[in-house]
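Below you'll find the structures, each written out as structure tokens.
Each of the next two complexes has chain A plus one other chain: chain B in the first, chain C in the second.
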Partner chain A sequence: MPKTNLTEQKISSYSLPTEASWAIKSRKSALNWLETTGLPNRRDEYWKNTDPSYFNTIKKPERNKIDYVENSIFENIDRINIVFEDGYFNASKSDELLLKGIEIDTISVANQKDNHWSANYFGVLEKSSQVPVERTLASLNTAFAVEGLAIRITDKIDKPISITYLHTNDTSDVLIHHVIKIEKNASVTILESGGVASRSNCLMEVFVCENAEFDHVRVQGRSHEKIAVTHLFANLLKDSSMKSFTLTVNGKSIRNEYVVDINGENSKAHLGGAAVGDRGFSQDDTIFVSHNNPNCESRQVFKKVLRNGAKGVFQGKILVKDGAQKTDGYQISQGLMLDDDSSFLAKPELEIYADDVICSHGSTCGEIDNAALFYLTSRGIPMAEAQDMLVLAFLNDAIEEISDESIRTIIGSRLKDWMVKRHKS
Partner chain B sequence: MLYINNLNVELENEKKKILNGVNLDINAGEVHAIMGPNGSGKSTLSYVLSGKDGYRVTEGSATFEGREILELSPDERASLGLFLAFQYPVEIPGVGNMTFLRTALNSQRKSRGVEELSAAEFLKIVREKAKNLKIDAEMLKRPVNVGFSGGEKKRNEILQMAMLEPKMCILDETDSGLDVDAMKLVAEGVNALRSKDRSFLVITHYQRLLDHIVPDVVHIMADGKIIKSGGADLALEVENNGYSDLLAEYN
Partner chain C sequence: MSNTDTYEREGVDQDTVEAVRTVGQKYKYGFSTDIEMEYAPKGVNADIVKLISKKNDEPSWMTDWRLSALKRWEKLVEPNWAMVNYPEIDFQDIHYYAKPKSMEKKPKSLAEVDPKLLETYEKLGIPLKEQIILAGVEVGVDGTQEQRKVAVDAVFDSVSVGTTFKTELKAAGVIFCSISEAIREYPDLVKKYLGSVVPQSDNYYATLNAAVFTDGSFVYVPPGVRCPMELSTYFRINAENTGQFERTLIIADKGSYVSYLEGCTAPQRDTNQLHAAVVELVIEEDAEIKYSTVQNWYPGDENGKGGIYNFVTKRADCRGDRAKVMWTQVETGSAVTWKYPSCILRGNESQGEFYSIAITNNHQQADTGTKMVHLGQNTKSRIVSKGISAGFAQNTYRGLVSMHPKAKKSRNFTQCDSLLIGDKCGAHTIPYIECKNNSSRIEHEATTSKVDDDQLFYCHQRGIGEEEAVALIVNGFCKDVLQALPMEFAMEAQALVAISLEGSVG
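Up next, the complex of A and B:
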């Protein structure tokens, strides 16, 4: 189908909500960009390795029940609990949201208010991230997402905010749009987990102000049929930091895009991801980190374990603008293939216009180290268990990107449990 | 304890013969040493006994504790009580030394039907044994062998041996890369484990190590077979005269 027809049809399946004029303006702007640019297709440079039709098609994907009502992986830690059910905020399952240092509204409420703080932020990073690479699935989200949260943090928040996306029904095509602003000197940890829907498009715009900290850990539901595209747009002011880690297990096609703009000195952005999948699994991390100021640091650590014909894609770019001296940029992407049928496609990119920087990128693709496997088994560890140890060891560098030790342990042990179950099934 | 009969082995991928009929009987409590020039098949023998991939046994057998072991997987052999101290211990980033040791020990216990050790019980034992080998807590926490010096790697091998308490220990050139003090420390660790129920097969190039770990029997290996066996003084003979006389005699 030609690009324009497909886009028109897709658009016609949604309608713009009636909201405050600022919100309507943002949505129309996104819609206009989507109409003129069109949904992605295989000829687009950053869609060569992942089939966009999973996300584009009008027809809803097959229903699936595997990850229905999966409890949050984070349920045993002290947290502020927020629940979405089939794409909608569920107040009765969520904690009371009147908390010191935190302002939370759903966007369906916020976007009705003429003078809500998010008026100056909703859709802003999504819009600025459309150049140089178009991300029209994000435009689609800004135009039509009616659910999500507007979160403003004004203090250092000790308890993480945990958002669980329950998938209880035969739901697909859920759009969720969060706007998060972490004010000067404030900090917060946001945890996300759950299956969302059979097909989902989730977007998060994060504004990290001066000396603020944003920690983000995301665990994507583990249904084999899941189709998901996510966008994380972040803007960092001076002396600020962000860390984002994503665990992806199973799924049909998962694409996680990141656009991080470092707009102040002495800021840090660390992105990490661990993906494990087999059979029809296709997982894609597409990342754009822009260093616009001197003395900043960025890291990208992405690992994928692939089996039975699974596909992993990594497209990561570090842009160092003229004048962004003393930039420390690091990027590593690695695929571990457990058989000969799987593939890992990596496109690491560096574009540097400053002359006094440290930037490195590496990308490897390999199989399990047989010498290590023999070493472990020669000590009495059975083959399957030894393999799992090495798989977890491979993923460890990415998991290490999580700053909180207890969350790191939860992620590690959940991965281990899944592997043990896999042997039994 | 370990009986090797006419063992013939070639490389799996190329028809290159490495072992040409090795015969070796090691009884409980004995310490045997194998010496021989480079390429004589010493390390291959240790790999084939412990179950490494890449070799094909074309003839012969090896029985350990009454079981034919050549068909068993490496972990099954280990659980029967066979242990190989590696010439080049493998670095495994991302796997903690403690986790590795505990998993190994508990896997073996499980396979023997013995109750697994709790984290606390394990910790107590490992700390004590590590102390004897001058392995500090920091080294135990690090990933397996990563960033270890040559001496630390070999001490870590002996620590594993001490924890797993195997019946048959094969030491593959454990002295290589060690200075005199490190070698003494490793030898002390080995000697502490000597008992009437535990046997050793010590593979080495040099007689030096055998000053510290005194063997009951010394074998000379060349061309994939044992060409001469004798007492501890055979090692001295090699040290003084080299292998050439022995090889000439054999040819």
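Up next, the complex of A and C:
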């Protein structure tokens, strides 16, 4: 199907909501971009390894065999819980949102107000991230997403804010758009968990102001049929820091895009991801970190364990602009293949215009080290257990990017769980 | 600091000092020779293609082959994915055929060649005449010393002007001649292999080359023969507003070995000139080809005016088991380079190696790298790429390592390092890694840094000047690749490294 035709069909399946003039302006601008550029297709270099048709199609997603409607993986953590059910905010299941230092509105409410703080932020990072690579699935989200949260943090928040996505309708197709602003000297941890929907397009715009901290841990659901595309756009000012970790277990096609713009000195951005999957699993991490100022640091640590015909894709880019001296940029992407049918496709990229920098990337892939396996089995550890140990050790570098120890434990147990199921299947 | 000081100092590698001393010479191949030329009218169309074919006395199958390529080319669009910027090329404003007039009648021996031509080669320092056997004595494996000979084929603008050591090669059974001669003399071999590695429709420039290539070298090494000497081609663009389109085809039959060197230069001109070559290597079972290039086309002046656009397609096909290919390149010239020497590792246990130094200075742009396509089992590849960027230059490594599902137990190691000299230049790395089976291993690492202050300080402390010190450090940075070059080339390359970086510091 020609690109424009498909785009037109997709657009006509949605309608623009009636909102305050600033919101309409943002949405129209995104829509305009989407109309002129069109949805991605397989011929786009940027979509070389992942088939965008899963996300583009107007067909209802296939019926999902959802194993269960699970509770949040972060259930046992002391947190502020906000629940979305099939893409819609569910107030009755959510905690009280009136707390000191936090301002939360759903965007369906915020976008109606003429004077909402998010007026200057909604769709802004999505728009600025359209060059040099078009991200029209994000434009689609800005144009039509009616749900999501506008979160403003003005203080240091101890309790993490947890967003739980429940999934009950097995053919749901949702768009969610979050706008988060962390004011000067403030800090927050945002946890996301759950399957969202059969097909989902989630977007998060994060503004990290001076000396602010943003911590983000995301656990995507476990369904094998899940189709998800996510965008995380972050803008970092002076002395700020962000950390984001994503765990992906199973799914049909998952694409996680990250665009981080470092716009102040002495800032840090750490991105990490662990993905495990089998049976037609296709997972793609596409990252763009732009160093626009001197003395900043960025890390990208992404690990994938693949089995039974799974595909892991990594496209990561570090851009160091002219003048961003003393940049420390590091990127590692690794694939571990447990059998012969899987594939790992990586494109780690560096684009550097400043000379006094330390930038490096590494990418490896292969099978479990037989020598290590032999060592463990020779000490009486059963084969399956030895394999699990080595797989967990492999993923550990990425998991260590999470600062909170209790969350690290939770993530670790989810991975162990996956491995136990693997032995049964 | 005077040169005598340089000589008196001990402990500094004499070669490096020598190399640095030549720094003042700028682009020493920038002269042009005033030779009467015969041109085809500007532009490319079926008539021009027929004319080129006729000038080369080609059989009709070759003319048809060219015409079908032209037909395809007319439908293609110029690629724009490379990280290079240049004004649009008017492909109809180029002479596709230029030939020194004195070559109208093919010279019977080198003595009949226009002395001006020989003069040009003299200036280039090419040992075209038989008596010049390149200096440098190699110690053989058994410890005996033998004199090293190099057979040379020289291509001047569009035509090959002379090939040396023909008889000696013939005795060994090696065919080394210009491709136009091969088309006439060995049509079966040419028919069998031409376009089998780089197909006509491969890419925009390769297709254009297939239509309008004027000359180039042809090598056939029969089964079990170890080519007795190194083969070498010198390419020279002399005439203004011409494009050079040469085609090289090298076939190493079962169990044979050949080492091939390629050098290129061009005069200093204000306008940009186009060079679009195709190199095809066929490596059969147990055979090995070593292909080394020192590319030193005119890079343009300090303001980025003039220079060669170098759009080259090079590919090696390891068809048989245990076939081996090694690409070594030193890229110092050209205003714009677009070049990816590739290896198709089809045979089981075949090996591909790629060693590259790409140096860009002033306004030069290079987008270069390699492709390693692993198809056979137990195949191995190794990539070592060193990019050096100075002035306002942009240097990109772009590569592909692909392990196909059947390429079990294959291995790749890639290392690409970039060095930045100055804060106005750029260094970029764009590797593609595709692994489709689990028993293969791929490792890729890349680093980007500047010339280390500590190292510079150390050199200064010992009284070594800024430029000298940088040349010294850069030569050290490139060592892995320089070591892979044949000896004669290694010396030249080392000197080139210093010359190319002239004016980039201080």
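To be clear about the criterion, the second predicted complex is superposed on the first by the 419 of 425 C-alpha atoms of A that agree within 3 Å, B and C clash if a C-alpha of one lies under 4 Å from a C-alpha of the other, contacts with A are read in each partner's own complex, and residues count from 1 in each chain.
Here, contacts are C-beta pairs under 8 Å (C-beta built on N, C-alpha and C of every residue); 3 or more make two chains touch, one makes a residue touch a chain.
Just so it is clear, the structure is predicted and the values come from calculations on it, not from any experiment.
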Request  = Overlay done on chain A, so just call it for chain B and chain C: clash or fit.
outcome  = fit
Of chain C and chain B, partner touching more chain A residues = C
Task = Considering only the touch criterion stated at the top, classify A:D322 as touching first (chain B), second (chain C), both, or neither.
result = second
Message = Touch test for A:T18: chain B only (first), chain C only (second), both, or neither?
response = neither
Message = For A:S92, using the defined touch cut-off, is the partner it touches chain B, chain C, both, or neither? Pick first, second, both or neither.
response = neither
Inquiry  = Applying the document's definition of touch, where does A:P382 land relative to chain B and chain C: first, second, both, or neither?
reply    = first
Request  = Give one of first, second, both or neither to describe whether A:L390 is in contact with chain B, with chain C, with both, or with none.
outcome  = first
Query = Which partner does A:N115 contact after superposing on A: first (chain B), second (chain C), both, neither?
reply = neither
Task = If you've got the overlay open, could you tell me the nearest Cα approach between chain B and chain C in whole angstrom?
result = 13
Complex contacts: residues of chain A adjacent to chain B = 369-372, 374-383, 385-386, 389-390, 392-397
Ask   = Okay, in this complex, where on chain B does chain A touch?
value = 50-53, 73-75, 77-79, 83-84, 86, 89-90, 92-95, 99-100, 103-105, 107-108, 111, 143-144, 160, 164
Task = Note which residues of chain A are touching chain C in the complex, please.
result = 45, 322-323, 325, 335, 337-367
Task = In the complex, go through chain C and note every residue touching chain A.
result = 81, 405, 408, 418, 420-450
